[in-house]
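Here's a structure for you.
Which chain is which? They are A, B, C and D, in the order written, and residues in each are numbered from 1.
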Amino acid sequence: MNFTPSSRVLIQGITQPLGATYAPLMQAYGTQIVAGVSPGCGGTTHQGIPVFDMVEQALSVVGAVDSTVIFVQPYAALDAALEAIAAGIRQLVLITEGIPPLDMVSLLRKAEVTETLVIGPNSPGLIVPGQLLLGLHPGEFYTPGHVGLISRSGTLTYEIALELTQAGLGQSIGVCIGGDAIVGSSFPQWLQILDEDDSTEVIVLVGEIGGDSEEAAAHYIAEAIDKPVIAYVAGRTAPRGRRMGHAGAIISSQTAEPGTEVGTADSKINAFRRAKIPVADRPWQIPDLVKKTLKLPMRKG
Amino acid sequence: MDLLEYQAKELFREMGIPVLPSQRIDRPKDLKGLTIPYPVVLKSQVYIGGRGRVGGVRFVENTIDAVAAAQTIFNLPIMGEYPTVLLAEAKYDVDREFYLAVVLNRSICRPVLLGSQKGGIDVQTALEQMQHVVVDQEFSPFYARRLALKMGLQGALIESVSGMLEKMYRLFVQHDLDLVEINPLGVTATGEVMALDGKITVNDDALARHPALSALIAQSDVNQPGHLSAAPTAMEPDGQVGILCNGAGLMMATMDAVSQAGGKPAVFLNIGGETQWDASPTALRDQLERGLEQMVQTKQVRVLLINLVSGLIPCNEIAAVIAKSLLSRVRKPRSISEISPEALIAQATRFPQLVVRLVGRDRELARSRLESVQVTLIDSLNEAVTQAVKLANAATRNS
Amino acid sequence: MDLLEYQAKELFREMGIPVLPSQRIDRPKDLKGLTIPYPVVLKSQVYIGGRGRVGGVRFVENTIDAVAAAQTIFNLPIMGEYPTVLLAEAKYDVDREFYLAVVLNRSICRPVLLGSQKGGIDVQTALEQMQHVVVDQEFSPFYARRLALKMGLQGALIESVSGMLEKMYRLFVQHDLDLVEINPLGVTATGEVMALDGKITVNDDALARHPALSALIAQSDVNQPGHLSAAPTAMEPDGQVGILCNGAGLMMATMDAVSQAGGKPAVFLNIGGETQWDASPTALRDQLERGLEQMVQTKQVRVLLINLVSGLIPCNEIAAVIAKSLLSRVRKPRSISEISPEALIAQATRFPQLVVRLVGRDRELARSRLESVQVTLIDSLNEAVTQAVKLANAATRNS
Amino acid sequence: MNFTPSSRVLIQGITQPLGATYAPLMQAYGTQIVAGVSPGCGGTTHQGIPVFDMVEQALSVVGAVDSTVIFVQPYAALDAALEAIAAGIRQLVLITEGIPPLDMVSLLRKAEVTETLVIGPNSPGLIVPGQLLLGLHPGEFYTPGHVGLISRSGTLTYEIALELTQAGLGQSIGVCIGGDAIVGSSFPQWLQILDEDDSTEVIVLVGEIGGDSEEAAAHYIAEAIDKPVIAYVAGRTAPRGRRMGHAGAIISSQTAEPGTEVGTADSKINAFRRAKIPVADRPWQIPDLVKKTLKLPMRKG
């Protein structure tokens, strides 16, 4: 794991709409973007960033990189990720939404044997406030501090980061594991990382309906996490079987995911409560719960 | 997205999974051209399960009975859903009924093979005996044999059932499916196997790379549950609040908060987060514009809560889109410039009350832009929700 | 086994690899029904390369010229091979010609992508500039881009050429091929790419699991070089020794030894080693029986050297098959039992002189069995080869 | 590597024609055949050998095995081999001829990451005279001794083993890497194993036309092998481009295997000669060359 200002970062899909927009924003935030990749655009530059046709070609010129942020089209994402792994990159941030799940299965099989960390897909990536931005997080919502923020959504995470910042609670990291059904890194993985991270004092976990990530996280927190955790779950009122936007935020039928009621907001909230984890009912209650946990003075209300 | 039984069976047939001779029936008189010998089973083609228990499946012995039965089935809603197509299928005598499925399990990020010796309509019994095998590495037929053994099969059934699973898995991978289910798999006294009913769930995100599958689906109603739609999703029939957000998590959190505050969401619309590869300020503006138009056209919406949190596009650009939308609904007199903004808004045709909360860059510019069209920019989600519910309650009292 | 150009292009078309409009011509008069506008290229469909240099490819401007050219090409052997089919194809203006291939490399046990910016008929130049990329892990399109870059391509050509290679690779894997080659790949001034000529080598062992491919091949002559045949393979036109062995290595070693001893092999036949999954003593006996029959029917064979080394079947069973074969060629009088074996053998119709060497169990039983039909069992390969060559030389002197 | 009488051996495809014939022969030779596998035949026995439906099921009953010998149909062989690897077996002998080469490519990718030794396909396997038979080698042709015999063919190997035995030269091992174009274990691998094997004093390498195994072996011997090696190459008179029976014994076209004349008998013999390796011109000359190398008395002739 290397998420510091010294991290050297590659952008795959730097000439795609989203990549072209965010590469300079990441750079402006202080992230060392050493090269971009876009087949057919080798030899050009984008806002001063040299662009190459392939990852391995970029690395042969600019040297090794720590992470790559992938902005390519959904059906090209598996190939881009495998290309990065083949070139030796072991931290991948998959921004792109809409990658077919079976492509993710193939990628994750490969990631496991190569010990590659895959963040996302359908994720705004990761921010270490004041230090490093790998993805879309709006830097102005964040401020350095000691709250580790992990989530499954983009804009809701920004919302909560802003609530924390406005309440005077800075963040050690903001990371989104992704809104799709099949994602790389998991809540337990990040809980473990933040539990060991010196700058994190409290963890805010922002979950949502669908799947059993929150149930697994609750279980893992009870078993293995020493630092305090505050949870929030979105989707109490979401209609069953409807896709809310995230491919992952859907309560599936019984057969597809045996274990009956897993996936509902109630199941997740109950899992957190059973693990004695405070659950915020509304997003704006999170800062107060954090302060209570850290025994900080409450804001007047 | 789910396929109807007859569509699933078309794919089964292509893959060499044995299915009975069958014929699609679009209207009762189609039965006069039936090429399958009687007795025949007529099956309602609906997305909902459990049709058998409520009369959606009927055995018929001749054309007269068949036409009558078809009329009945066409007019029989299954959990509220009317079939637009029936399937006429040959009858088959089975000794036992198994359950088989290949499904993508999101918890472990792997496909899983499922099987039970107790298939058929009693799902609970099937579940109790359900065996599963995780396809942790690249699939190879031994995974299917592993399931057959876990199911307790012996002798020739091991190969016939695992051969079936192998084809189901190939179908699953070739078409990027979320689920392939055969229930029941009919097993005859002599050990022959036959897919008697089938269910396939297509993955929405992968569909665009499967033109043949898209064409198959285009034949049927795409307005089924679970389908990702660009149209607003209906909630409470007596709700008055429309909610428009960008991003699924924010959408759900906002809707939860409205409900918790005592409001009743009527419809909601997620105009999309910012992780589409082709997202851009222009694209987001377009989506917002279309979304506003759709919400405004939804009569039930008396109060429209707009909660947008964006790092991609400055608030003032969003405000400009909202203002433009508002102004476009005004009945246009000869010259707009002659009329004061207040008068314009007053004349707006059936425009819901707006509660706008924006977060991002250039919020103060946005505030002034919105004030120019009599809309107050609200700072916090808490306030915005409170305000929307208050307005909705007032509207209810006034109606 | 190789496909003809028109067959390869059928597969290209199915996979979405761009090919020109073309039409198969079985006889010159087919050109009267040509649907491709002139000018048109007529190409001899032969398995041998280099047809262009010897007149096997002709441009024609109208039907009269086309029919005449077709007659010429049908009567023009390419390295001894006459075409049975021509391909009429649209003309295409190209700026450059590339070489692309996907081939299974046996040394590294992996598929390899090959490419050169210098394609076309000058194979030597293509080879000098040939670039290759080993597909060491599961294929992904980046392997194709890697080759495009190694070839020195830039800009849009990287994607168009790597897209072509991706489709070639999918074809390669889907049909279990040994080789997919496009040479030349035409590249127009605007950067469009087109497969102008194509070669596909099918893998014999995998063919049985590709029924569509088998059907495609069944249309053409399967008696092409490289095809594994159950019939004896001809060697020297003036040879007299037929060699029958079990196993490829033993076959080659025996034939080498015959040549080294001054003999001239006429034909050879390998009845197969013992590693076929369904090999059994019965199967081996049947193969031997058929093989003997074929060898005996080959007129050129004056001396038949049989060298069989088997762990599967005892020597006496082999001897029994040989003896039976020998006896079956005898002109049958009313009752065989009345005649002595010697008399029988003397009457054998055109049966070559036998040199039999067997190794395995029950050799002494085999020896007696063979002696009963006047055949001496030889113990060592050295002796058997010496004996066969001696008899062959004697036969030559006597003829 | 464990090829001793204590090796525990599984037979996959024990009810197939070839497997049914050879399993008892291997057992009679002293090989510990602990179980057979044949889907649908679980619960039966074959000549006293218990038969199971799957490998993992067999292993759960009889315990771990060292090697499996695979006799299944060619198109079922990849699956059988992957099943064995998944069950933890790391020595595979593939007897079956006619396995599609791309199936072998898949298998070998898997074998490499799991460090599995694959002998074959299209191979009679391996014999340690007097101790162990994993495959088809006729035990009566072999006798224990110090000649390591490695080859690409079946019956020709038996022939040479017999010539050696008749000349009083016993063998430490007889192994065939397989007659197909794509095979698992290679000549260099076995040369290294035999170079380190205490009971082997001299190595006889029996090659044939097609591919570059012999050229690679010659190179490897010159570089890395201390023990004396005698070579023989079959196919000097084989017509070009004709399949001789072995899928591998064919001299291919130039493009398919760049490197021009590699694959011919001349190329192979020259490679051995350049590496100062004695080459027998005829199979029956091998024993004399071995004796000469070991400075043993020659047979009268």
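Keep in mind that, in the parts below, a contact is a pair of C-beta atoms (placed from the backbone, for glycine too) under 8 Å apart; a residue touches a chain by one contact, two chains touch by 3 or more.
Keep in mind the model is a prediction, meaning the values are calculated, not measured.
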item: Touching subunit B and also subunit D, the following chains; value: none
item: Cα-centroid distance, subunit A relative to subunit C, in whole angstrom; value: 57
item: Between subunit B and subunit A, distance of the C-alpha-averaged centres to the nearest whole Å; value: 26
item: In subunit D, residues with contacts to at least two other chains; value: none
item: Residues of subunit B touching at least two other chains; value: 137-138
item: Arrangement of touching chains [line / ring / star / complete / other]; value: ring
item: Touching pairs among all chains present in the structure; value: A-B, A-C, B-D, C-D
item: Subunit B - residues contacting subunit A, complex; value: 101, 103-107, 109-111, 114, 123, 127, 130, 132, 136-138, 173, 176, 178-179, 181, 201, 203-206, 208-209, 225-228, 233, 235, 245-253, 255-257, 259-260, 265, 270, 272-281, 283, 308-312, 359-361, 380-382
item: In the complex with subunit C, residue positions of subunit A that touch it; value: 39-40, 42-43, 53-57, 76, 78-80, 82-83, 86, 106
item: Residue numbers on subunit C that touch subunit A, as the complex places them; value: 137-138, 140-142, 145-146, 149, 154-156, 158-159, 162
item: Subunit B partner contacts - residues on subunit A that touch it in the complex; value: 13, 16-19, 21, 71-75, 95-105, 108-109, 121-124, 136-138, 140-141, 151-159, 162, 179-183, 206, 208-209, 211-213, 216, 232, 234-239, 241-250, 254-258, 265, 281-284
